[in-house]
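Some structures are shown below for you to check.
Okay, so chain A shows up in both of these, paired with chain B first and chain C after.
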Partner chain A sequence: MTAASVTGTPPRLSRAGRLVLLVLLLVALALLGIGLGSSRMSLDRVLLALAGEGARSDGIIVWSLRMPRLLMAVLCGGALALAGFILQRATRNVLAAPSVLGIVDGGALGVMIFLFLFSNESNALTVSILWQPLAAASGALLFAAAVVLLAVRTGAPPLRIILYGVALGALAKAGVTLFMIDGPVHRASQAATWLAGSVHEARWSDVSTLAAALAVLVPLAFLVMRRMDQLQLDEQSAAATGLPVRATQLVLFALATCLTAAAVSFAGAVGFVGLVAPHAARLVIGGRALPQAVGALLLGSAMLVAADLAVRIAFAPLEVPAGAVTAVIGAPYFLFILLRAGRVHA
Partner chain B sequence: MLEDDRTKRPEIELRDVALGYANRLVFEALDLSVRTGRLTALCGPNGCGKSTALRAMRALLPAQAGNVLLKGRSVAEFSAKALAREIAMLTQNPAAPDEMTVHHLVSLGRYAHRTGFSSDARADRAAVAAALDSTNLSDLGDRAIGTLSGGQLQRVWIAMVLAQAAPVVLLDEPTNHLDIAHALEVLSLVRRLGAQEGKTVIVVLHDLNLAARFADDIVFFQGGKVAGCGPVEEVFRRELIEEVFGIECLVRREEAADRPYCIPLAACPGRRERLVEP
Partner chain C sequence: MPRLSLSFGLLALIALLAAASLHLGVRFTPTGDVWRALTEGGDDQTALIVATLRVPRTLIALTVGGALGLSGLLLQTATRNPLAEPGLLGINAGAGFAVVLLVVFAGVQSLSVIALAACIGALLCAALVFGLALSAGGMASPSHLLLAGVTIAALLSSGIQIVIVADERTMEELLFWLSGGFADRDMRLLLLAAPASLLIALAVWRMAPMLDALLADDLTAQSLGVPVLKVRFVVLVAAALLAGISVSVAGPVAFIGLAAPHLARLGGAQAHGALVPLSILTGSALALAADIAARFVIHPSEAPVGVLLAAVGVPTLLYLLQRKRLGAAA
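This part shows the complex of A and B:
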């Protein structure tokens, strides 16, 4: 194999080099994320605090406030991006994403039902808020299972799976709207924050729960990379090369759903990271599934960290959900993908 | 002598096979056997089930009844990868992302030879290099497939099928969308490679004259039945072709290649009925 490209494109950084750049970008954003906030810290203070040698107050700000928030953004962004990457491979469609397939909306409905069932007259929760992630995960898993069941029953091609997802997602959204209108005002605002998706309330316990889930799911995803490479072929050709296509798609769907459920149960319905990051990884990194998946993870993390940073700087002292920013970036990007896809297939 | 024995044995057999899709039964009871080491062309009018039969041989379409046998063993008994090591197939409209490189695409043909973590990287590389070499693509390995011409792209897909290193190769209309020069190029390549490596090649062809020019055996399908099956010299006859396709035609001989060819004269749908209702 020749390492240099003969493709006529100008010489550019190698794939590994581009991945290293993404890592550096993420580290830079992370340091900014720790340094910036309601009280600003210079880089040397951040580094000292991280090393445990700075001022005591700096240490508290860094380790108890900003670090869990930062890590939550890194983990959620990465998980959503990887889920999106897997779904795009499973359906052979760049428009597939956790939010497109109704998984996130299912989670939202789970949260709404939870808030509805367990609130008393005075708008206080009758059970611990710690159960909310479980409600979100249940809703997400339930809706994903419904999409898969519909698809399996009808033997639907990938495009139809997306349409089923959109339809069921719309159903879940309608349910969410009903609960918002019908429910108490206080709960509606809490639900709205969840729906936009944010990491500002992250706790260390959430971070470690999510990290534990990802420690299982991410390695599993990396075990099926070769299958995802194979799925770039049309289904018939992929089957002819020896891939059990339907079984593989089912496994990938399950993985993506668990990743999404894990992420949104803590951060809420952060939009578009799962759509934009894998697509951008395809453009920036390219090549086989493995480097692209790593690229998607890094880009997803960077995207959510940057979004959280942006809301902290732009809207302080208000806490605007980071998901609002990812949506503002993501929705136009979605249009860009649509237009580009239209051009290619024209 | 030994070679003769081998080519008389059937490689793939369909016994009493019922095939079809949700709303349409294409074959009620198809019987067909394809001989080892030969190039067999499947021909017939549109919708006669050529591609359906081919897909059944590769187990991409399950038989609703009857048996599809590979060397005497039912294809349904093979695992996905084990069957892929025996039979490779170029599907009718293969697709892959435009930005994928030629080398990457061809290497996807190696999937069935990789088990767990113990893939033989050297054998994979050698097989991919050999496939690129025999399809004259070695210089294009790093090109994105979206930048290739139709003829080049078809060669890439054939290279992927070759990299799979299976003794049986199925090709579903490999000359589709190709002009005559590229069609000839692709079929001579298939013919040469099949002969060199003693592969059993089964190819669905629309063009009768290409079939007569390149195939050893021809199978004519018509109305859910096998209308004729055997060596080109035996089945490429005017009466049979006229009945299978419902046309009037002449069959002549091309001296240089010593092969028959067909000159179609007029459509004549009435002829077809004779065959369907004997």
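This part shows the complex of A and C:
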């Protein structure tokens, strides 16, 4: 796929303009996300509550219930989308995504082992649930490290990273299934919620931990953005520009792993966003890696916020995990821009 | 000819596994009894177990494993993407969605109706994905096909998930079908599925040189005199048919389609003349081995075959990856 074919959208609006539109979209979704729920608030009440004025009950609903949930969706969606973007560049594969390359499955296995080790006979946890994110992150990082270690021995060409990632991911997934059928039903349903991914139990402590992690990881990702442009060339040309290709690919893989681990430890295995948001950004924004990455961040956030909004409106009082409907929200939009891009090419 | 010896080795392995599959189960059946059940039939319990339980699942594992292995190879070749696999055409999700709709809203219980619905759902979904890809970029850009497929598959999987969350009773009923496997399936389906798969496989094998050309970039293939778009389309349709057949017989079975072609390649095959049969044989062997292992892991009940596919396939894959560390495939 050449640069010319991916930037084919007609310049009706400048790239910056399109990014601003995405920001506005995200803000609008966020305001809706704060206003809608089991009790509805009008826009002025939302704004008053945000400013710290207005009714006391509104303030409590906004600041202690809806805000952490909203921020969690924004941060997780953005982190997963950026991780997917980086992985697709690093492996040069359109299908690469956090959930494809074994990272998320490793996290899932970590959660299962945690639930297995620290549950007593009556299925109550013997340690605080606050440790669960740590278990997920360790699982994800361990599996990704194994992928890297195995691939490095063969010089770490992208195909090897992909194959090792898929293989270890399949193993982890098998482990998760075994734990689920072997364990009590209660544990299986707890795990199923994690596997679908949701943000409805977000706490402020989770949000701030995740924000701190992303405050380090996202700038790092943007630092290596220029190298991602070089990576788009074929390997020899990329090497000729002075880029240490294999090392860059490994660094990118590590970055994407950390981003994924941070996101899934708190929200669970939210799917689809990490795969599709980067492609949507490529089709909508186009151009060099930097604006595309920003677009992916915004689109990923918007997708997860919209999905969370949808489960609150459509399924209340049932708590359907937001991860179960990211595809319902994201797929029609993505197909639309995919088809539009096709028409422009023709 | 190392490839030839590999093929014969795999054939011998499959024969061995098939024999084991007839002997092993909750209870071991001695060879004499197996032979008697196969040749004479009979009404005693042993004969019934062999003839109505073990023979069907063995044949189904053989057919479906081979069909999925070939389908995966065709997809990986046509899209030039090592991550491509039959599920990506939305086939499993389409079949699953059709079955869920049928069971939830029409209350259908009959397995053969479910299989028919699965087949129709799978093919409709594949047609939808093809249609979307054609209007989004044409056969000229296989990555659009993958993206359209992934999107539709995710959409329908969400649909399945939502229905299941909303209706737990259905989940109990459908979990068996949705988890995929070779046991307790309707063997009559094979009467149609096996010959159809075999015909497609033979046709594809004849096209092997053209498939080799597809792996090069489009311009090179064209200059070799290969009508790229036409061949790619035919190959993708064949892959969709094979996957549709598999899912209607055995439900969605993952991993074989992805792993079997890679195992065949790591085994040393490069050209499609060797890759096509080797992918089929590897797929069948994987399916049989996993199906046998599934009987023992959580003895005496059956483990989901997907778990065992990973347990059998991944170590093999890792071993071959490490062994071929200096291989040219990059």
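Please note the rule applied: the second predicted complex is superposed on the first by the 310 of 346 C-alpha atoms of A that agree within 3 Å, B and C clash if a C-alpha of one lies under 4 Å from a C-alpha of the other, contacts with A are read in each partner's own complex, and residues count from 1 in each chain.
Quick note on the criterion: a residue touches a chain if its C-beta (ideal position, glycine included) is under 8 Å from a C-beta of that chain, and two chains touch if they have at least 3 such contacts.
This is a predicted model, so every value here is computed, not measured.
By the touch criterion defined above, A:Ala167 lies against chain C but remains apart from chain B after alignment on the C-alpha atoms of chain A. In the superposition on chain A, A:Val276 contacts chain C only, with no contact to chain B.
Once the two structures are superposed, chain B and chain C can be ranked by residues of chain A touched, with C on top.
Contacts of A:Val328 after superposition: chain C is touched, whereas chain B is not reached. By the touch criterion stated above, A:Arg226 is placed in contact with chain B alone, chain C being left untouched.
In the superposed model, A:Ala316 lies in contact with neither chain B nor chain C. Look at A:Gly242: by the touch rule set out above, it reaches chain B but stays clear of chain C. By the touch criterion stated above, A:Asn93 is placed in contact with chain C alone, chain B being left untouched. In the superposition on chain A, the residues of chain A contacted by chain B and by chain C overlap at 1. Here chain A touches chain C in the complex through residues 1, 93-96, 100, 150, 153-154, 157-160, 162-164, 166-168, 170-171, 173-174, 177-178, 181-182, 196, 271-272, 275-276, 279, 315, 318, 320, 324-328, 330-332, 334-335, 338-339, 341-343, 345-346, going by the rule given at the top. Across the interface of their complex, chain A is touched by residues 81-84, 88, 132, 135-138, 141, 143-144, 146-148, 150-152, 154-155, 157-159, 161-162, 165-166, 255, 258-259, 262, 297-298, 303-304, 306-311, 313-314, 317-318, 321-322, 325-326, 329-330 of chain C. For chain B in complex with chain A, the residues that touch the partner chain are 55, 58, 60, 80-81, 83-85, 88-101, 103-104, 108-109, 111-112, 114, 125, 141-144, 147, 160, 164.
Residues of chain A that touch chain B in their complex: 1-2, 5-7, 226, 229-230, 232-234, 236-237, 239-244, 282, 286-288, 344.
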